[in-house]
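Below, subunit A partners subunit B and then partners subunit C, in two separate complexes.
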Partner chain A sequence: MGTYILRRIAAGILVLAIGTFFLYLLVSLSGNPLANLMANPHISPATVRAARIELHLNEPLLQRYWTWITGVLQGNFGISTTGQSVGPQIWPRMWVTLQMVIPAVVIAAILGIGLGVVTAVRQYSITDHVSTGFAYLFFATPVFVIAILLKDFLAVKVDNATGHTILYTIGQNNPGTTGAWSIFVDSLAHDVLPVMTLVLITYASWSRYQRSSMLDVLNADYVRLARAKGLSRRRVLYVHALRNALIPVTTVIALDFAGILGGAVITEIVFGWEGMGRFLFTGLTGPVSPDVNVVMSALLIEAILVIAFNIIADVLYGVLDPRIRYA
Partner chain B sequence: MGRSRHPRYLGWTAAAAVGALVLAACSTASSSKSTTTGGVKNGGSITYALDEDVPGFNINMANDAAFVLAEILDQVWPSVFITQPNATVKLNTAFVSSAKVTSTSPQTVVYQINPKAVWSDGTPINAADFIYNWQAQSGNPKYKDVGGKTFLPASTSGYNQIKTVTGSNNGKTVTVVFAKPFADWESLFGEMIPAHIAQKAGFNNGFQTFGPSVQVSGGPFEIQSYTKGEDLVEVPNPKYWGPKPHLSKVVFRFILDDNQDAPAISSGEVNIVNPVIASVGYADSIKAISNFTAEVSPGLEFQHIDFNESNPYLAKLNVREAIALGTNRSQMIQRIVAPIFSAVSPASVSKAEVLNNRIWMPIQPPYQDTSSGAATFNPTKAKQLLAATGMKMGSDGYFHPNFGKDKGKDLTLSISTTSGVPVRQQIEELFQADMKAIGIKINIQNYDASTLFGTVGPKSEFDMIQFAWVGSPFESGNQSIYCSYTNKAVCGENWDHYADPKVDSLFNQALTTLNPTQDAALYNQIDAQLWKDMATLPLFENPVYYGWSTKYGNVIPNATNAGIPWNAQDWGLKA
Partner chain C sequence: MPESSETTKASSVNSAATAVPTAPPLAGAVAAGTLPGDGGLRQEVAALAAAQAGLNIEARTQFQMARARFLHHRMALIGLFAFVAILLFSTIGPLFWKYSYAQITTQFGTGPSMAHPFGTDTVGHDMLAQVMAATSTSIQTAMVVAGISTVLGTLIGALAGYYGKWSDAALMRFTDLLLIVPALVILLVLASAVSKSAGNWLWIALILAGLFWTVLARLVRGTFLSLREREFIEAEHAIGASDARIILRHMIPNAIGSIVVNATLTVALAILVEAALSFLGLGIQPPQVSLGYLINQAEGDATVLPYLFYFPAAFLIAIILAVNFIGDGLRDALDPQQRIRA
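Coming up: the complex of A and B.
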């Protein structure tokens, strides 16, 4: 197991090295950060020249990549085109994304697994049909549509009915809120809609995975044997069946989690949260873009997460299923 | 003039965001306190939705010159002149009790700073601030930013013509002497950076992140907090010596997606909106909200089509005139602009009109229709003009020139604009149909904004190009667009290979004429000559949409580069 993990990590680092190189070239060549200045009649060529030097655009591309990658290895993510250090900007954004993603993933996992189990156990019942219907509905609905429907038909209605802003449609919190408890309540009120949005789009597919994997297990011989042995239905379901049925879903959740952590771009934009998704988005579309150091940092972190969670999923697979052994 | 893109950039007018040409009185300052239209009480807060975050906090620095930052700094960094909603200016008498031209040769302007004027950290605002603001934006390599770096100013316009800035009277009297006359002198010293901070922290990099440097204010409000991508909060500046603002908090909330404004207004999270592009859908989504009022008006930003005269066909005046006569501008307005006006109120549709001046916009008092009918829709005359150049109408309905690359074939020209902007695509499609009707085949070839403005435009790699210019109270910025392209140093914005010595000499006169009435007339003469030469074809002004909650008083839209917070110190909850 230990060697396997080490080998996977080594391969992951190689993939990262090659990936960042090509990404750096692509991002750097995708636009001209000076175009905005050059398009402005009253910015003198001397200013543009000075800006070119300040952004190191006068250096060859390979040299810029080398500067960037050696900097990253020393924990320095470089300077954004607007002169700010990129490194210190990453963690606050990651924290913002986590505030949205962790509650969403936890709730979606409980909901998805729970509904998956119930609908498998009561296959073809009314509960199964209704749950399946909703799962397909949410799975098929684009995230921004869910977000907008929640805003218009939940938040606005609740707020208008009560005459106070209880559910917030925009932002992470109200600026100027003081006191730990007030800040907590305020954050919670801002968290409701984005978390609900993410829950609805993610639980749907997870509940389907859980349902089908549970059905597979319930029809397996060992489950029938356990029942025949006289074990209680409850014990068979939760100890014998569920543990095995969780294996495929665990890996799905681990991989999806990496994806959402990289930034729930649309959810962040619709709700005005400044997380990793918007960090990447503004790096690509901002006034002085592409902001290569910003975009590359966001992509690098996403790549590391994907690789790490792939390894974690594989390892978990081994932990959950004793039959699997890696050499 | 600044080139307009999406999202909004200020262009050179950043530096002048809060100044404008006083048309009535040349030199003296009449009054300043902005209008109060109704009784408001003290206290309360307001939230204004901005559709982009700020790039940094130094509006005078090249990378930071964004419209949203100009709006945020309206009430923070002091300006000598404040741009009014009709694009004229008023002296900010709380800051400067007078600003007078005391001599015209050499042009000398004397500013009397209010003796009580101080930065919020207690440092007096004085001549040192004027000197620093001039030097940093002069473009003169002799002056250096911290660390010996070259200053990166958003504009050097006007500052590069100043010879000396000197202080006297304990630094409260400032005398500015120009090397050569600069008619738009009132554009200078707008949103002034605090010199004592910039000299330590740096002009280029000292204001890029939020911190104590950014919080120093010389206006009614100061920046209390900033959360990147989320919000910026302004509270009254306790050291402000002028009339106190009514609201105890102004929140600027960054909402990148304009579609999210409507629910945020409904739930009470946002009180003022000004979307980057007004659309029918947007207006409709807000119409249903109670206690919220909206207004749409033609702004200072206008769409136009430019002709590249290095193209052998467009080099001919007849062809350019034919294109202008064949373009149904009224139809463009009916299809593109009028629906937005009618979505807000049917009565306002009459405000959507064709634009017949490139330099003055209709909200500005000197506006005149200088076109002499040069672009009044007349397809018959357009065809006659094309035939007069020796072109023959082919059997397929397109003219066949008797010279150039299209000799004996369909007359084909291309038009380019920024891709992905619906308004511009609509313009192109309508234009294409109009041109087909007069026998010109049009190919549409669009580029992303950085390619269009970074390469295609400056290198004149187009036949016709379509984009928007943002007008400003200060007209000197037009010179670089319309003066003869052969003068590369000055006329770098003339991508059209257009040249007319008459226009050049009129600009030289206008730029040195300090009498505003004569100056305005000269700019109208320039525009009339541009029509005679059919240098470019102005189309219409982009509508600007403002909406605000009716519980607030004294909210007055301002379509200039000052933006709606131009008088935020007067805003308040209705008493």
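Coming up: the complex of A and C.
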């Protein structure tokens, strides 16, 4: 198993190296950061020339990539087009994104697995039909529609009805909140809606996976045997059946991580969170864009996370199912 | 929705179906609750019973059986009906409606009324005309995406699966590269490049197709890898059939189920992703409108003029729901072995 993981990590690093190269070319060629400056008649050609040199745009593309990648390997993510150092911004922003993504994954997993088990055990019951209906609805609803519904309709109604701001719709926290407990409560109040958005777009497919794998297991011979031996229904369900039915969905959850990060970009933009998604988005669409160092750092971090979760998915599969052996 | 959810059990239903002639296993399957409400299987059982009773039954082609199964899928028919209705509404509707989507009326931000059934936005656009235009742009884009990515995916998947070696390795490595970054993020980068120069719907369609074909290519490759080893292909080789003939006449027809189902689901995905890009301002650019763009425009006024949000959002969800139901029906009809995601 150890050598397997090492080999996967090595392969991941290779893919990262090739992937970041193409992405760097793509991002660099996607636009001209100086377009706005050049379009402004009040800015002299000399200023534009100075900006070009300052942003290293006068250097060949391959040389810029080399500077960037060697810098990153030494922990230096470069300078953004607005003159700020990119590296120190990454971790606070990553923390903001994870504040939204981690609770969402945990809640969606519990909800998805729970609903999947219940709907499989009570197949064709009212619960099953209602859950299927909602699953179809959430598959068809774009993340930004859910986000706007929660933000502009649910939150505003709740806050108006109670007369207090219970659900915050903008930002990840109130700056200036002091005291550990107040900061926690404040973050929680800001967290509710974005987390809810991500949970709703994710849990549905997981509940369907769990339902179908649970149904497979429930119809397996060894489950019938366990019941025939006289074990209680509860014990058979939760010890014999559920344990095996959890295997497929575990890997699905790990693999879906990339999709959740994608959804988090839109959720951050709608709710005005200053996380990685917004970082990437402003890097692409801001006044001096593409901000290659900013965009590339965001892409690199997301790519590392996706590769890591892919490896975790495969390793988990082997751990949960002893029949799988990695050579 | 018993019909649509039934496919989750397709594998065990199929194994039951092979055991049909001997009555007890079937009875066991019914007792174990694996069969209730399955139209297709019930039909097959009835047909077998009829055969055993010595009645003549006509052989049916693959297409006839698929059509019969599809027509028994209630949700798929509802989806098909809804999709056709929305398509007619968005394409023929503008011919009969007095306002065009680009026209600015003297009504600003008025709610739904007889003159403006969907109301008007703060600029004075008639929302009914806007929603019709946006819906047709969205569907048009998605259709082009599905068309291009299906042809491209089938072709490349077929080549990789049939010839293997370097073409296979190249395809797999390329799709591996695409997997390392969330698809939406790559699309954001690509779309930001074209939205600055020309925010044309065709560009957006090409970008989406350029990313989506890989899913189908992998699927077709997998099918081809297993088909390649089968006896009937070996027989074709033996009688001297050309590679092109084997691929086009024998292998693609065997993979047609998953290709068609995938094409349908690509339509739904393309509409979702195009809407997301347009919502972020990187997709369809004004003066063209798409549903994602309308929702973006409505967001600022959502609490004051909620109908600006409700109508485009409802149409967006309705189209995707309809296409997903059609896809489910097609999967049950054409590709019963494949597991369902929904």
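One rule holds for everything that comes next: the second predicted complex is superposed on the first by the 320 of 327 C-alpha atoms of A that agree within 3 Å, B and C clash if a C-alpha of one lies under 4 Å from a C-alpha of the other, contacts with A are read in each partner's own complex, and residues count from 1 in each chain.
Note that in this section a contact is a pair of C-beta atoms (placed from the backbone, for glycine too) under 8 Å apart; a residue touches a chain by one contact, two chains touch by 3 or more.
None of these values were measured; they are calculated from a predicted model.
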Overlay on subunit A: subunit C relative to subunit B, clash or fit: clash
First (subunit B), second (subunit C), both or neither touched by A:Val15: second
Partner chain in contact with A:Tyr136 - subunit B first, subunit C second, else both or neither: second
Contacts of A:Asn244 with subunit B and subunit C, given as first, second, both or neither: neither
Which of subunit B and subunit C A:Thr81 touches, first, second, both or neither: first
First, second, both or neither for A:Asp152, with subunit B first and subunit C second: both
Subunit B versus subunit C as contact partner of A:Ile269, first or second or both or neither: both
Contacts of A:Glu302 with subunit B and subunit C, given as first, second, both or neither: second
Subunit B versus subunit C as contact partner of A:Gly31, first or second or both or neither: both
Touching partner for A:Thr127 - first (subunit B), second (subunit C), both, neither: neither
Footprint overlap on subunit A, comparing subunit B with subunit C: 31, 35, 148, 152, 156, 269-270
Sites on subunit A touched by subunit C in the complex: 15-16, 18-19, 22-23, 26-27, 29-31, 35, 123-124, 128-129, 132-133, 135-137, 139-145, 148-149, 152-153, 156, 205, 208-209, 211-212, 215-216, 219, 258-259, 261-263, 265-266, 269-270, 280-281, 284-285, 289-290, 295, 298-299, 302-303, 306-307, 310
Contacting residues of subunit A [partner subunit B, same complex]: 31-32, 34-44, 46-47, 50-51, 54, 81-84, 89, 92, 148, 151-152, 155-156, 159-160, 164-165, 167-173, 175-176, 269-274, 278, 282, 286-288
Residues of subunit B that touch subunit A when the two form their complex: 1-3, 5, 7, 9, 11-12, 52-53, 55-56, 62-66, 139, 141, 149-157, 204-205, 208-209, 224-225, 227-231, 233, 249, 251, 253-257, 259-260, 263-264, 266-270, 448-451, 453-454, 457-458, 477, 480-481, 492-493
Complex contact set, residues of subunit C against subunit A: 1-2, 4-5, 8-9, 11-12, 32-34, 36-37, 176-177, 179-186, 188-190, 192-193, 196, 268, 272, 275-276, 279-282, 292, 295, 299, 302-303, 306, 309, 313, 316-317, 320-321, 324-325, 339-342
